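Here's the structure we're looking at; comments come further down.
Think of it as A, B, C and D in the order they're written, each chain with its own count starting at 1.
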Amino acid sequence: MNINILYAALAPIVAILLGLLYIGIGRKIIARLQRRYGPPFYQQYIDTIKLLAKKTVSSHGVFFSLGPIMGLAGSMVTLLFIPFGSAAPLLSFHGDIILVMYLVVIAPLGMALGVGEGSNPNGSIGMARGLTLMLAYEVPFVLALFSVVLYTHTTSIAQIVQSQAGEWSLLKFHGFNWLTFALPISAIVADICLQGMLGEKPFDQVIAPHEIASGPMVEYGGKYLGMMVINHALHIYIETALFVDIFLGGGPVWFFIPATFSVFILSLIINGVLPRFRIGQALKFYWGVPLILAVIGIIYTMVVIK
Amino acid sequence: MSILNKFRGKSLWMLHYCTGCGAIEMPPVMTSRYDMERFGIIPMATPRQADILLITGYLAVKTLKRVIRTYEQMHSPKWVVGFGACTVNGGMYWDSYATIKKLELYLPVDLYIAGCMPRPEAIMDAFIELRKGISSGKYEGWKKYIENYDWYKKNQAKLFDVKKWSVNYE
Amino acid sequence: MNFTIGHLILVIVGAGIITAIVTKFNRLSGSITALLLSIGIAFVCFYPAFHILPISFTTGDYTFIFNLSTLSRFFLMLFSGMFPLVIMATVSTKPKAHYYFFFYLILASVIGTISSQDLLSFFFFFELMTLFSYLLVIYKKRAIKAGLVYILMGIIGGLSLLLGIFYVFWLSKDFRISVEILKGSYATLFLLSLPFLIKMAAMPVHIWAPDTYKESEDVYTAFLSGVLSKLGIYGLIFFWFTWGIYGLSAWGKVFDVPVTGYIIAWIGAITAFIGAVYALLSEDVKKLLAYSSISQLGYILVGFGIMSSLGWAGALYHTLTHTIFKTMLFIVVAGIIFRLNTTKLSEMGGLIKKMPVSFLTLLVGIIALAGVPPTMGFASKYLIYSALFEKKLFLLTAVVFAASTAAFLYAYRLIHNIFLGPLKTSLKNTKEAPLPFLIPSLILSLFLVMFGFFPGVPLEWINNILMSLGMKSIASTFTTISTSLGGFNGLLSSSIFISIFGIIFILYLILFPKAKWVNDKNTFTAGEVMHNTDLLTYSSHFYRFLEREFGLLIKLSVKKLYDNILGIFEWMFDVARKLLYHGNVNGYVWAIILVTLTFVISFLIGGLR
Amino acid sequence: MSDFITRLKNITGLNIHKEKLYQASLKVDKEKIRKTLLDLKKEGFLQFTTLTCIDWIEEKTFQLVYHLWHREEKLHLKVKIDIDRDAPIVETVSDIYIVAQTYEREVKEMFGVDFKGNKRLIPFILEDWNEIPPMRRDFNTREYVKDMYETEDRTEEIFKPRWKKYD
């Protein structure tokens, strides 16, 4: 238990460092996809430190300043309820997947309040789009989770991870306990939803720098933006860790970190070659094929467990 | 603060104010051919996030007001780069009634890139120069702007009503 | 101290008369009298040393029975607890004498309804409640048209209830429901459910709600939506539990859920979703809250329809949550309307600096509405989802989850359009809402947060109800709720959130230099000076892109369906009028003969049976 | 083409000169401009291309040129009027061709020609302009530039920008 608390205290720092590293390597990979040389992999750290080292702090109001703080706190608390693979369950025995689904929302909600007080219409449009995108991807995603709950008879993430546990060693590879193999359709649906959660193309309507001047971030600069970048890094870690915990069996640290990274890179590669949907199209997309696939996945699960 | 300056030099987020023909030289610099992202330079959408204000081309009095307002909205430390002959001395608009001739009278220009137009190689070279200068703390235009605020405002006031256009007077 | 329900009702009526008389002389002292008396009544209902005894009296061979079951007590406390808070909010609006009189009469009839154990007195008090409620709805002149729809739907519900009661009587020759006789009777089930579905504004019969909520007096709307609509779920549980889950299961099961319950759950889910969509597209703050109310009551129906102990616990928990946050939201909004004199969302904006307390309470309200953890909204959502997961109702889950995500959308729209964005130039001199609006909303938001930390406290209460209804209780402690699938610790998650927030906030205060405050004009507008900051407001048609996507849904509104039905009726009556009132004496004679013949034949058939 | 011009001449009684293959010009009196344009619009000149102004300072006149385009006959017709430079007032044609509203605003701003009846003669592109209209030939640009914008180097005292020169 004490070790667990230590892990919990360290988890946010590790997650921030990992998330920033993922973004940095991701930028390099995107650059290579576009036949560029690309920035160094540690570029994101430099950017973050630079932003935090900016000297001017201009704020539109109390909640404008509190928004990023609330976002960061929301992301960190979510993080603690997601196990770090099978290595450290952190607090995940004290809350289950439904709690996590709602804790994830705190960060955008806090951000939304700050953005709203920024009194810039671009930010408000960005938030309206972000919430709509959430409306779009949550429905298929919750159905994908539903099939997992059907299969494992639990909503606790730690127990879902345990149910996929095999013998983990470098020599012996027991990947076949993964829910990805048991529930392939649901895993695909969840991965499609992950694309929207991470806000990668074709679902980057929220940021859309060319349309709405980077949307929610339009009035944020300097240190606040630094906090938002950290929050984004945390967000990337949370979403990918959730996916790996549920569908790729968590696993020990040497598997967990590369797994989260490859899940992120997969969505980034898709991001690299696609243009952007209109927000209405994104809604139509998610409520079309992925939703039907999710329902098929559930029916498949019901057949499998019988 | 020299360590922080090293970080600042390696991460330059740029707001490009594209008037006139200078804008056409930017796409090759941004994209695969010259790839400025490898130096940590990426274009930004709003002044709040940017470090460099890049002015590519002539500035009419009318656009100068907006540029100054944009500059004042940026978070310091910040730098201004004048790009092309038009920002140096008016260039081909040397006798135009509407465009300004010397940008440094109104904004603290840290670096001029001369030429009509400067080639992408010139821009890259200038960015590297800027990067070195920022890392060593050589470029401090934003400090000068604060120190000599009245001097700059006096110059600006000759062209337009600064009270109406500056964010600091509201 | 012991007293009967009859005493309680009489005392409330008496309090209403006293208040009315005082208000006649002086509005302000009338309001204060009303407030004090209502606090007294709440005290009487809450204080554990006071025992409210059952009462029954017989006239002829009929016995009226009034008794408070565990379920009734829950609702009694809900109603009598909310009552003084709502009354408090009326103080600054200074209403007329009959306003308070009717308000007290509504409370009296509601208490009569929830305590009556026989059908006739239930019907009597239920109808009285509808009538007084109608009289309060039309307190404002603008609401007369909306009130017409309200009373019409009330009458339809009342008739349905009466018909159901007569049917029960025809079956059992008794005005009390007993399980054996009712088994297998769809008709009674339908007739005895319809009035409550109307009260809860479930989807096909919801048409009275948006306009009534929008037009009725602002504070009364809080009571109407937050409190009175809960009578629907009380009625449903009151009648349905008589059948028992096993009795209902006799009609067949879908996914381990009785068919009737499954249908109710689907009605609830569709109500929740469509209500949420209408809410996020509405341009009027009260209409938004009205549709939100419809949507939230849909969740209660979903929980109720699952017919498991988790589902009913979820329904009852959400009843409590919704009562608290919707009453609060309507009171806060009433305060804002009191200052602004407008209900249009596009005429508000940027009020956060002018009304900080209202903002904070509304913020807590929408967090509870969205069901996000530090408030008690999450616990009720959690129970409903657990119930859905447990019974493997995946399509329902999808619809309910879509609805609850849509709730984020309209909740954000509510807070954004009123409080965020640039301050409207016309609202420069707005002041904070008066104290009578703020105090009740602060008290209620305190409850929302407190029960968010200790989600087990209300659940213990609900467990008592479940056990009295013969169902399994939910495993819980003060801080945790656990189900067969999982569980959560409310105190842990909330306190960790608060502490991390605190740590970052302190770091922020230490490390960050003092922020330079910038005004609304100093925003990124591509260098332009916004001389009119109203142009920066993004509030009307906030989700325009969704309007395009949900276009079909909007076109297929239920109201149009009713209009079409009305049109058909008008046409029919027109034809009938032309046939009957043609001015020809022969025709009248024939008509009379025809009607007489019909009666005779029907009597003969009846006799033959 | 020539047929059309001849026909146009016959119908409207105007003195039209053919200049190039698809170009013709016509000079009318200042008072007749509205009537002429109305007639020409009836004949099929539906497109009002632009309105230009020439400052004949020696003759003390402004020449306004209305450029019209006939789509079917492919004829670019220039209708010219002369107005007095000292009292530059002419009647608007913005009710005949709605687009003329903007062109008239521009001419008003750049030359100071007033258009009677134009409902939207508000300032166009110049902001805070206090001098005589800048496109008039008696406006001395050089002098104005010399007054307004300093050209000598005097940033030495404050802050000297660095240079990147490429020859």
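Operating definition for what follows: a residue touches a chain if its C-beta (ideal position, glycine included) is under 8 Å from a C-beta of that chain, and two chains touch if they have at least 3 such contacts.
Fair warning: this is a prediction, and the values are worked out from it, not measured in the lab.
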item	value
Any chain in contact with subunit A as well as subunit D	B
Farthest-lying chain, centroid of Cα atoms versus that of subunit B	C
Length of the line joining the C-alpha centres of subunit B and subunit D, rounded to whole Å	36
Distance from subunit C to subunit B - Cα centre to Cα centre, in angstrom	59
Inter-centroid spacing, subunit D versus subunit C (mean Cα positions, whole Å)	68
For subunit D, residues contacting two or more additional chains	none
Touching two or more other chains - residues of subunit A	55-58, 213, 218-219
Contacts with two or more other chains, residues of subunit B listed in rising order	46-48, 65
Those chain pairs that satisfy the touch definition	A-B, A-C, B-C, B-D
Sites on subunit D touched by subunit B in the complex	125-128, 134, 139, 141-142, 144-145, 148-151, 153, 155, 158-166
Touching residues (chain side subunit B, partner subunit A) in the complex	4, 7-8, 10-11, 13, 31-32, 35, 37-40, 44-51, 74-77
Residues of subunit A defined as touching subunit C within the complex	55-61, 63, 65-66, 69-70, 72-74, 76-77, 80-81, 91, 94-99, 102-103, 105-106, 109, 112-113, 116-122, 124-125, 127-129, 131-132, 134-135, 138-139, 142-143, 146-147, 149-150, 153-156, 159, 213, 218-219, 223, 278-280, 283-284, 291, 294-295, 298, 302
Residues on subunit C engaged by subunit B in the complex (per definition of touch)	518-519, 521-522, 524, 526-529
Subunit D contact footprint on subunit B (complex, rising order)	61-62, 65, 82, 89-90, 94-98, 100-102, 104-105, 108-115, 118-119, 122, 125-126, 129, 133, 139, 141, 144, 148, 151, 158-161
